[in-house]
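First chain A sits with chain B, and in the next complex the same chain sits with chain C.
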Partner chain A sequence: MSEQLLAQLINGLLIGCMYSLIAVGLTMIWGVMNIVNFAHADFLMIGMFTSFWLYTLYGVDPLLSIPVCGVLLFLLGWIIYKFVVSKVMTGPALAQVVVTFGVSIFIANAAVFLWSPDFRMIEKPLLQGSWIMGPVRLSIPKAVASIGSIAITLALFLFLRKTKTGKAILAVEMNRSSALLMGINTERVNALSFAIGSSLVGIAGAFLSMYYYIYPQVGGTFGLLSFCIVALGGFGSIEGAFIAGILIGIVQTLGGYYFDPAYKYAIVFALYLVTVWIRPQGLMGW
Partner chain B sequence: MLEIKNASIGYKGGVLAVQDISFTVNKGEVVSLIGSNGAGKSTVLRAISGLLRLRTGEILLNGEALHAVPPYDIVRRGIALVPEGRQLFGRLSAIDNLLMGAYAIDSKQRTQETLETVLALFPRLAERKGQRAETLSGGEQQQLAIGRGLMSQPKLLMLDEPSLGIMPKLVSEIFETIQKVSKKGLTVLLVEQNVFEALHISDRAYVLQTGRIVLEGRGEELLKSDLVRQAYLGM
Partner chain C sequence: MKKPTVLQAVFYAALLAALLAFPLVVKGTFPTHVMIMVFLFAMMGVAWNILGGYAAMFSFGQAAFFGIGAYTSTILLMNYNVNPWIGLVAGGVLAALMGAAIGIPCSNLRGHYFAIASIAFAEIVRIHFNNWKFVAAAEGLSLPLLPDSLKNFMFHSSKAPYYYIILVFLLLSVLICWYISTNRMGFYLRAIKESHELAKGMGISFVRYRLYAIMISAFLTAMAGTFYAQYILYIDPESVLILPISVQVVLVAMLGGAGTIIGPVIGAAILLPLSEITRVWLGYKGTGVDMMIYGALIMVISAYQPQGVWGYLTSIRRRAK
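This part shows the complex of A and B:
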């Protein structure tokens, strides 16, 4: 394997882990309440800006902003569910599609209004520079963000499989009326899942803010990619979203390397189209 | 123990599935609701569980109104439903399905004790406890569904068509189990299309036709009645 290829592969893996963390929250929300949260990537942007402002105004390093973003977006997710999404849960399907779309447009435009559409960066985060390992240069913030993303996805996985509340979330996902019969308050599980999904993407935002440009429309690309990852992995499947996220990251970087960076998204979406053509339920769907 | 008074139940925007029915279940009894497909039997059980709301009438449990309690609190009042078609959590293991049955019970020790009782009642489930529910056979799934219902330590166990889609050989096994748990003091409300088996194990039964109760009586009496023999037993 050529050294260049190895370097690209590692780069793809690193960005793929971030995609996974973003998509896992989205797929979980879909799995539990069959709602596509179009505002998901805007929550990512809020996470990034939270980290940016904490750094700029108070000198808080993005590393310390990670838990802050997690808690803040958890609360925001809960509020948005309670006051917006839950109102249309029993309404027509179109209302359910449109409502989160409205939230998305509102948040993105509010951000432009408040903070202008400028691109910003956190200039001197605690973590910067690269590790040089033979031929491979490994960006430290990217590596830390990716390892963190894997750890958090794993933690979510264990929470769902091992705790009573986690299993209740899975139970609602599998059979809502049976879950009610067991005594599970399904409305609360909805709110909790929405909050957890939002919290995960908020944490992803804090990670990304260590090395990525921060601007109000940053949700656009990430949003599109995360819908694609969720569908590719299988709607509702957390394992699927995790694997698909990493796969998309690698395909994107290798595609950009072998063909032309301008085509990298075209290659990603071609892969997506071919997969759902052969396997409409996605890689790990049911 | 359980009283249904002049209840009418309908699905959203549709006609009434059940009209003005009244019946009671006394403590320790096995009571059956029998009738053909679409007579409204399952609708009644779903309403008692709170999954459907009454249009009119009342449901009382030991004199307390049940029809305004949120569905997720019904099980905490001591009522468990084993739904039609089993409705298991397919991708959870058998043991996790049983543990979800005890979701409303906060004491780990009590859950563990009940789990042992249930596994003793269904030894097959003990052998398959790590297996995903969706990979079990029909009979095992029904045992799991009943076991899950028992895990909440109910005072009243409601079973909706427990013999549906099960090998004939296993059907009598299921009915024996129901008899076994009722002998231990559990009150049972049973909905069945398998009229013969159901009436055999019932103290009393009600016959439902197109949403109304047309006949009631002791199980053995109904087995001899002309209406039941002609309409449901084909004699």
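This part shows the complex of A and C:
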């Protein structure tokens, strides 16, 4: 029994690390410009498809697609910010909530149009198989993806704390008008954080493409989960999103295992509702 | 609230007469069907507006109330042989209670937080119905066919009776919304929308009025759900509980003008024919083109005309004066 529990815990931890990387990008955008990017998980889908097509058409392994996805999604994020999101920054609150829904519907259906709604998979990635340690089967691509996610989150953390640009982003997150008075170009910071957030989720997509099904609507579930993770972790808190991501991964696996797999997401959403009831600002929010 | 001028009164009377005459004049089921969908979503948009437009609670979970209404009356009819009209009220009451149950934990959430909480709530309901044997899980329910009559809330020979019923429902919702907006509750909700702290400072019971708004909105949305079940005669979680329904409701309100009485009706009158027609023209191959247009439309409206059509017209009229 405890061996099973250990196996489930490790599984939850692995998927949780992926969630963290997805949510970290989202929380950064949310924190800096107070916009929820509902298209965030569709950017994940674009990352997954980029990796898939690079593999299928040119035989590039997903591991090598990681930087490509990062750069591509950085550009896409920048474009979406410049042409869509920046237009609603001063608009009514409702427009700010709804606009990225439009982006999400558009991107997901453009993918259906271009690539059909079929499920696809990368047949033979470089990393495959499992590593067996006694009772625990550790999937190698999942493990590598998780370690990669932690490394990238750490890199983001250092970037925000140590570089001038990173500090500017944090300053805007704390107080936009003061940051503006300090001579920070807040418009550029907005675009940059939207692009960085998108880039992170693109990288997550490349990781995920090593072992997950690839299809246009893949964003649906990941999207909802990442909103819960971000809100659970606390508004704009990167540490919070990281911890909440792992927590949700574990809760989801254990809930699915001990209760009913069909309800694993329902349990996560219920946990989220209970948390915001007790602590509306989330675990690490202020 | 100023009294309508003679010109306005004539306009509204003519509009109402045209709407009443529509099914008699226009033959063919498709136009009537489109009009029924317009009224259905206009009604849900009006109900959403009480929450989102006046109280700034941007609910993206209206599908949960819609589904609860549809399922309650259907289950009561199928398993206990309860008349659908009683089922309609029962569904409304149940949805209002669910709204209260979810409204209390969410009463301190604002903006995005409320939006996400409402999605989480609706998803829990959807997942549960998708796995609940009692309501036939994902298989869905086919309503038992009863003879045509108003009492049975079922008509097979013509769509016209459905048209008149949903028109009455819509008018009722508009009246309720108008009543709220011109009375104490409407002012309180708008005060809360302007500033939570200030409203609290004025002694407005913030939680109570937000709860009222959720319950009224849930009741009306559930009524629409029962209507949908009686009209389509088949429901499953995929058709009544999914997120796109909630999103469409928000868009209807926003396109027309959130926070105005007539806005959602205008929004539905523009959006629903567009989506029904693009679906018939382009969507039959499942290519996604219809939804791409829809997504692009959302982006354009929110970026360039976030006040909605009605808001735009009002601003023109103000400028003209």
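Please note the rule applied: the second predicted complex is superposed on the first by the 285 of 286 C-alpha atoms of A that agree within 3 Å, B and C clash if a C-alpha of one lies under 4 Å from a C-alpha of the other, contacts with A are read in each partner's own complex, and residues count from 1 in each chain.
To be clear about the criterion, a contact is a pair of C-beta atoms (placed from the backbone, for glycine too) under 8 Å apart; a residue touches a chain by one contact, two chains touch by 3 or more.
No experiment lies behind these values; they were computed from the predicted model shown.
Of the two partner chains placed by the overlay, only chain B lies in contact with A:Ser178; chain C stays clear of it.
Of the two partner chains placed by superposition, A:Ala155 touches none, neither chain B nor chain C. Of the two partners chain B and chain C, more chain A residues are in touch with C.
When the two complexes are overlaid on their common chain A, residue A:Thr186 makes contact with chain B while staying clear of chain C. Once the two complexes are laid over each other on the shared chain, residue contacts for A:Leu170 go to chain B alone; chain C is not touched. By the touch criterion stated above, A:Pro280 is placed in contact with chain C alone, chain B being left untouched. Of the two partner chains, chain C is the only one that A:Ala270 touches; chain B does not reach it.
On chain A, the positions that touch chain C within their shared complex are 30, 34, 36, 84, 87-88, 91-99, 101-113, 117, 216, 224, 227-228, 231, 260, 262-263, 265-266, 269-270, 272-274, 276-277, 280. Across the interface of their complex, chain A is touched by residues 49-51, 70-76, 80-81, 83, 87-92, 96, 99-101, 103-104, 148, 152 of chain B. Chain C makes touch with chain A in their complex at residues 52, 56, 58, 102, 105-106, 108-109, 111-113, 115-117, 119-121, 123-124, 127-128, 130-131, 247, 250-251, 254, 258, 286-289, 291-292, 294-304, 306-307. For chain A in complex with chain B, the residues that touch the partner chain are 164, 167-168, 170-171, 174-175, 177-186, 286.
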